[in-house]
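Got some structures for you, see below.
Next come two complexes, and both contain subunit A; in the first it sits with subunit B, in the second with subunit C.
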Partner chain A sequence: MFRRMLKRQLIEDILTYRFLVSLVLVLVAIVIFSLVFTGHYHNLQDAYAKARTQNDDNLKEFAKSPSENLMSASQSFLLKPKPELFISEAYEENIPQGFFFRASQHSLQVLSPKEETAGAQFHRSISKKEKLADVLTYSPDLTFIVQFLMSLFALILAFDAVTGEKEKGTLRLIYSNPVKRAYLVLAKYISALFTLGIVLFIGLILSLILLNVSSEVSFSSSIFVSVSLFFLASIFYLSTFILFGISCSVSSHSSRNSLVLCLLVWVFLVIVFPKSTGMFLTLKRFDVPTEEEINQMAQKASIETGGRLEKRLPADYGSNYEKYRRSEIRLKADAEIDKSGQDVLDYYLRKKLAAIEEVRKVNFFSPASLFEYSASSVAGTGLFHFESLWNQIRRYENDFLSFVKNESSVLEKGSFFYLTYDTISNKPIDFNSIPKFEDKNSGPGERLKDAFPYISLLALYNLFLFAFVFYKFQNYDVR
Partner chain B sequence: MIRTIIKREFLDNILSFKFIACVLVAIVVSLASTSILTRDYQDRLKNFDTGIALAKESLAKVPVYSSLKVKIYRRPSPMSIFVAGIERKAGSYVEIGNMRMDIPTSLQGGVTKNEFAAMFSIFDFSSVIIIIFTVLAILLSYSSISGEKEDGLLSLALANSVPRYKILLGKYLGAFVSIAVPLAFCFILGLLFLLFSRSVDVDTNFFGSMGLLFSASLFYLSGILLFGIFASSTTKTSFGSLLFLLTFYLVLTFLLPQAVRSYSNNAIIARTKNVEGNIRSLENERYKKSGEAYRKAVFKKTWMIPRDSDNMQLYGGIILSRITSPEYLDDQNQSTSYQIRVEREYAQKAYDLKNQDMAVEENIRRNQNRLLAFVPSASFGRIAELVADTGDEALKRCLRQIGLYWHQYMSYLDRKNAFGTRFCYPGPEELTPYEQELIKKITEDLSGRTVDTYQSWVIRYRGKYYDEAMKYRPKLTFLNLDDLPAFKSPELGLIDRLKPLLFNIGVLFFYNILFFVLAYFSFAGCDPRRME
Partner chain C sequence: MEKQQPILKAEDLSKRYEDGVLAVDHVNLDIYPGEVYCLLGANGAGKTTAINLFLNFIPPTTGTCFINGIDVTRDPLEAKKYVAFVSENVMLYGNFTARQNLDFFAKLGGKENLTKEAYYQVMRRVSLQEKAFEQRVKNFSKGMRQKLGISIAIIKNAPAILLDEPTSGLDPKAAEEFLEILAELKGEGKAILMSTHDIFRAKEIGDRIGIMKEGRLVMERTREELQYEDLVKIYIDYMKSEPLPA
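The block that comes next holds the complex of A and B.
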């Protein structure tokens, strides 16, 4: 019996104009978005390439005569523009674009758009004004299409699941048979999910083709993985909204009421709620120290470490000041002082990221935000990209420093190396042997691990809504 | 008869679930946003006051012109509580430095301490109107005609000898009153909240702006209502009209403005691709020129004691020790005057370059705004920003004023001969006998002189009077900066602010009339019998 109901429902759903309209609208939106994305992506790639060449030129200068060009051993590490940005842009242009690494001071600073560095220029060239999120600002990506358009279609498919049948008079006819109550709801749910799944699938294939043609993105395995994981997350998300539609239908007695209820639920959960939680960041609880405070803390930490180490240093250097400055002890002490300042900066960055995570947790109430976060983690963009960049940079720092340590020879003494004018030799280094930084995509396992909490919350949402619908429908008056 | 229709529509609407739900959400969100934005405004005002006080205080304690930094603060406007614009994010102050005298082209110190907060946005009043009240308007008007047709009431109403236009007008006015009442309520709540919070000062300008904002929102919402009534009379079912209105709402509020803005952003990037490169080459030129001067300069070989680092940490800038040989002072004057000339020249060039860049951007944005004026929600958003004076125009006006002030400040510095001795060498004018004695002793002591590793023309003195000179802590005298020109912030009267608005308001007015006429003709030919 169930299979018959399902088949009937499927045919009904696919043959209505609702399916056609949603398919056409989604495909048109994908085409328009991919056009907008192509132009923008080319700009991003150009700017990134320019920043990389500047970086490489700096390194070449350093490699030619290291002791004269010590300051050129500084590099900017930027977020690499990925084709996954088409799946989910995740405000990647609103967050700091990368880090500035000053090897001679062992310092790693977050690039802010105001700094006069290659990275800051890259940031500025993306958008002429500081790009800031606005209530009405949405990035033209696939997440937007699914989050907004397809959830609305889900509601439109499902809002008259029960009330429509009731108004047509077929509901009592169905239930005059020995049919389990759950079957109707399940049939409606599965067929709506299947319909939307087809639309989504066709849309994703189209977007892959368009990406390949226009942005010259090759069909590497990484993008396949992202797209399939995105499909999975979208299915969970759309199923949530189908269930919302069915619950609104089950809670009202006429289609019109049900539609209004669905619309209100949609506006609240998709637009109002996610955009309002930004207000929480202004609360004291999510407060982060100001830049001045952090600079003072860093200075204090350096002075403290310096004071602590002073006791171990020779008290009397007299006329051997220059020699003392180059001595191993002094250099080690300087490096430790730099490190303690850097630790404060790292702590600051971690605090900022933690505050953002906390505010994001408030957003878990809305399935739209959950979907947004899962899409961004699956595509490896936005905040997830930034964090993975940070981890990769820290590993690279060690590689770079140990490389230069091996290359350089210090003036008569051993082989220690602290990137200072006094210790670094002027022997040219082979540019090609310097380890270069590459921003690599994280593997599918890691991305799944990042997305897991959000997708599982969406699954929980689904379970809860299922239970609600079944419960409500048990007592529904079918006449 | 119209009054009866209006009363009936109004009561019907007020008691319906959709109205109550929407208005509840609108009140909660607008109250939350007003309270949080008010607190934010109070913080910014406090920062402004303390900033100005600190700046004034620090002006009394400047020993040399190289540690003089002028900070200009921008006063936060109370209207930013209702229309956030870019005021919160654009920054609140500007600093004209001592060594690098760039003409500022952007403000520093935006409120957000956490740069990642740029990912989040805040619902302000104008967004509440554009999103929530528009949905309410759609819900109130989508079934005004087709719903009545489905219920069978339209044929009953038209069976009376009521002219069709009266029914239409009645429905429109009924819906209008139903939306104006909660809107006014939200405005009054917001205003009351504001007036009862501490340290928020409002003047008549503020109330005028609020009144204008209220009327503009009514204009905008009435356009939406008329469009909804038109859609309702054209489609056969109320579901169809709701779908139609929703599609329009989604496309015109979210998709279209976003697409236009992305397109103009791309255009701006494409046209100003070279500016970054030009600024960078300008920087290199500047760096080379000041380096050249340093290397070509003929400095007299004279001794120097390290700079007064204690006072440098306290006051900033470069402060020479009082125990400095007169020849070294001459050298310093020479190099300073050359450096400053180079700095000013390049500051002006960089400013002109950036202004060119800005002009291109302004042009593109003007076209963008003109195009978006035809989208009602974007048009209303722009009207709100212009009325509240928290948008781009206000920022640009402020920056232009700062540019003018920079010239005033530079001529002041020239008048006071700031780049002479008093640039690095602290007062008082006359050397004390002790200082003269010490300088003479050091000049005559030829021992302990080593050539500086980095600057070969400088001789570092480390002889027997070195410790005495390093330990000498004179009392510094401070500069008299009472006649420093003050920065006057550019204020525009309400009328002047409204001039760019006329086009947008005109378009909204046109839409109102257009949709009313369309609804009239569509309703005139509408068949009121229920379709079976």
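The block that comes next holds the complex of A and C.
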């Protein structure tokens, strides 16, 4: 009997204009977004390729004469553009877009899209764009389509699930038969989810075809895993809104009331709530200063450490510089000075990431935000990508310094902590043997692990709404 | 000869709504196989509430409804296997054809594996035009929808049929055709409870007629008794009489 109800509902849902309208709008949005994305992706790849070329050119210079060209050991590492950005761009002003690595000071400074830092200045010299932000401007993605457009369709499919049957007069006729109460809402729910699933599936296939046809984007088989995981997260998200729609329907006297209630729920959960937390919970509220202030503080910390250390240095340190030039004392002192500055940078970067996580926790109330976070995790973009980049660069930093120390040290092996003119030789290094940085994609397991808390919360949302809908409908007046 | 058991039975049935209105007040009713019972009464007399109680759409405040001996409140799914329902304004799924609607509700009523011809036969029996069988219901007139509604009741082949003002709004010819079908169903041994405003048709088809006022069943007459009494006069007298004491 349930299968029969489900079949009828499916036929009705697919025959109605709602299905056709949502399918057409989603496909049109995907076509437009794909075109915009390919242009945007081209810019990103261009900037990334130029940064890599510049890094290689710098390292070639450095390899020719390490001590003389020490400054050329600086490199900028941008987040590697990947086709998954079309799934979730996850662009956030507060998430840095890369790092500026200065081997001469063992320093790692963030590249912030909106602030003028030394790294940004360096990047500007290679990207030819006025500002980093110009390259990284937000491009619409599949997450936007599901988050805004399809959640609305989910409500439109479900807002009259029960009130519509009541108004048509079919509810009485159905329940004059031996039909379990739960069957009707379950059939409505599964049918709506299946209908939206078809729309999304067709949309995803179309987007893959469009991106594949475009010469700008080339993708590997891993994109299919990302798209599948995104499909899964989307289904959980859309399911929430279908259940919201049915909840409004069982709580309203008429379809019109239910529609108004659904639209209010949508506006609040998808627009007002997530946007207002962003407006009220700025980084300043979490005591995170601007990049410029952080750099000043880092500089100040280095100077203070220098001052403190001066007292511990030998009395003739200042006057007899040559004596200490390659000494352990001086190298350790300088390393400590640089480390104190780097510690400030790292401290505030961690604090910034913690603040972003805190804002996310507040946003857990909104399924739209949960979906956004899970989408960026399964796509391996946004905050997840940045954290992965940071970890990779830290490893690279050590590899790079160890390599140079082994190849070009004028001192005993391992007796210095960063590169200075005095500690490395001018003996050329084989460029090809220098470790190069490569931003590697995280595996699907890692991405799913990151998305798990968000998807779990969406599942909890679903469970709660399921319980609500079934409880309400058990006591619903079907007359 | 062993006395037949009633198919539809209301025992001390009452319903008081949350706003305090006593819609059905201690009603007792037995309807036997092959019997048509017509419930007459003004709007708000409690006729539809009584039918809703039989269908377990609302729980009774006191008393019990039985369908084929099954307590409707205790075991509604089992009880509903033995009853079919036709409402005042049969509304079906407009995007589906008459046959598809019939097929859907037949399956809900537990009738699986019926052939297309079986559906056609039922629709022919209620005199639905042949060309309408495979037409979408959204363009059907009220008369056609009522015919399809009774087709659904027929195809379920339940021993009890509840009809809530089924002829209201039908033209005289359609109403007459509808009553002919009811007479046939009665002949097949169905127990039929029909609420109606139509005194003349109630007299024509009803084996027993009850008048409801303010939730109470204030009068009951058999067809034989009404041969010597004027139903119209009785009905008007009851409607004009003073409100019943609480």
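One rule holds in what follows: the second predicted complex is superposed on the first by the 390 of 479 C-alpha atoms of A that agree within 3 Å, B and C clash if a C-alpha of one lies under 4 Å from a C-alpha of the other, contacts with A are read in each partner's own complex, and residues count from 1 in each chain.
FYI, a contact is a pair of C-beta atoms (placed from the backbone, for glycine too) under 8 Å apart; a residue touches a chain by one contact, two chains touch by 3 or more.
All values derive from a computational prediction rather than experimental measurement.
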Touched partner set for A:5, first subunit B, second subunit C, both or neither: second
Contacts of A:152 with subunit B and subunit C, given as first, second, both or neither: first
Which of subunit B and subunit C A:448 touches, first, second, both or neither: neither
Partner, of subunit C and subunit B, that touches more residues belonging to subunit A: B
Which superposed partner A:291 touches (first subunit B, second subunit C, both, neither): first
Which of subunit B and subunit C A:170 touches, first, second, both or neither: second
Contact set on subunit B toward subunit A in their complex: 17-18, 21-22, 25, 29, 32-33, 36, 39-40, 86, 89-90, 106, 108, 112-124, 127, 130-132, 135, 139, 143, 147, 238-239, 242-243, 246-247, 250, 253-255, 257-259, 261-263, 265-266, 268-270, 272-273, 276, 280, 283, 357, 361, 377, 381, 453
Touching residues (chain side subunit A, partner subunit C) in the complex: 1, 4-5, 8, 11-12, 15-16, 168-170, 172-180, 477-479
Footprint of subunit B on subunit A - complex, ascending: 25, 29, 32, 36, 39-40, 43, 91, 94-96, 110, 112, 114, 116, 121, 124-138, 140, 148-149, 152, 156, 255-257, 259-261, 263-264, 267-268, 271-272, 275-279, 281-283, 286-291, 322, 352-353, 355-356, 359, 382-383
Residues of subunit C that touch subunit A when the two form their complex: 52, 55, 57-58, 76-78, 80-81, 83-85, 87, 89-96, 104-105, 107-110, 149, 152, 156, 162
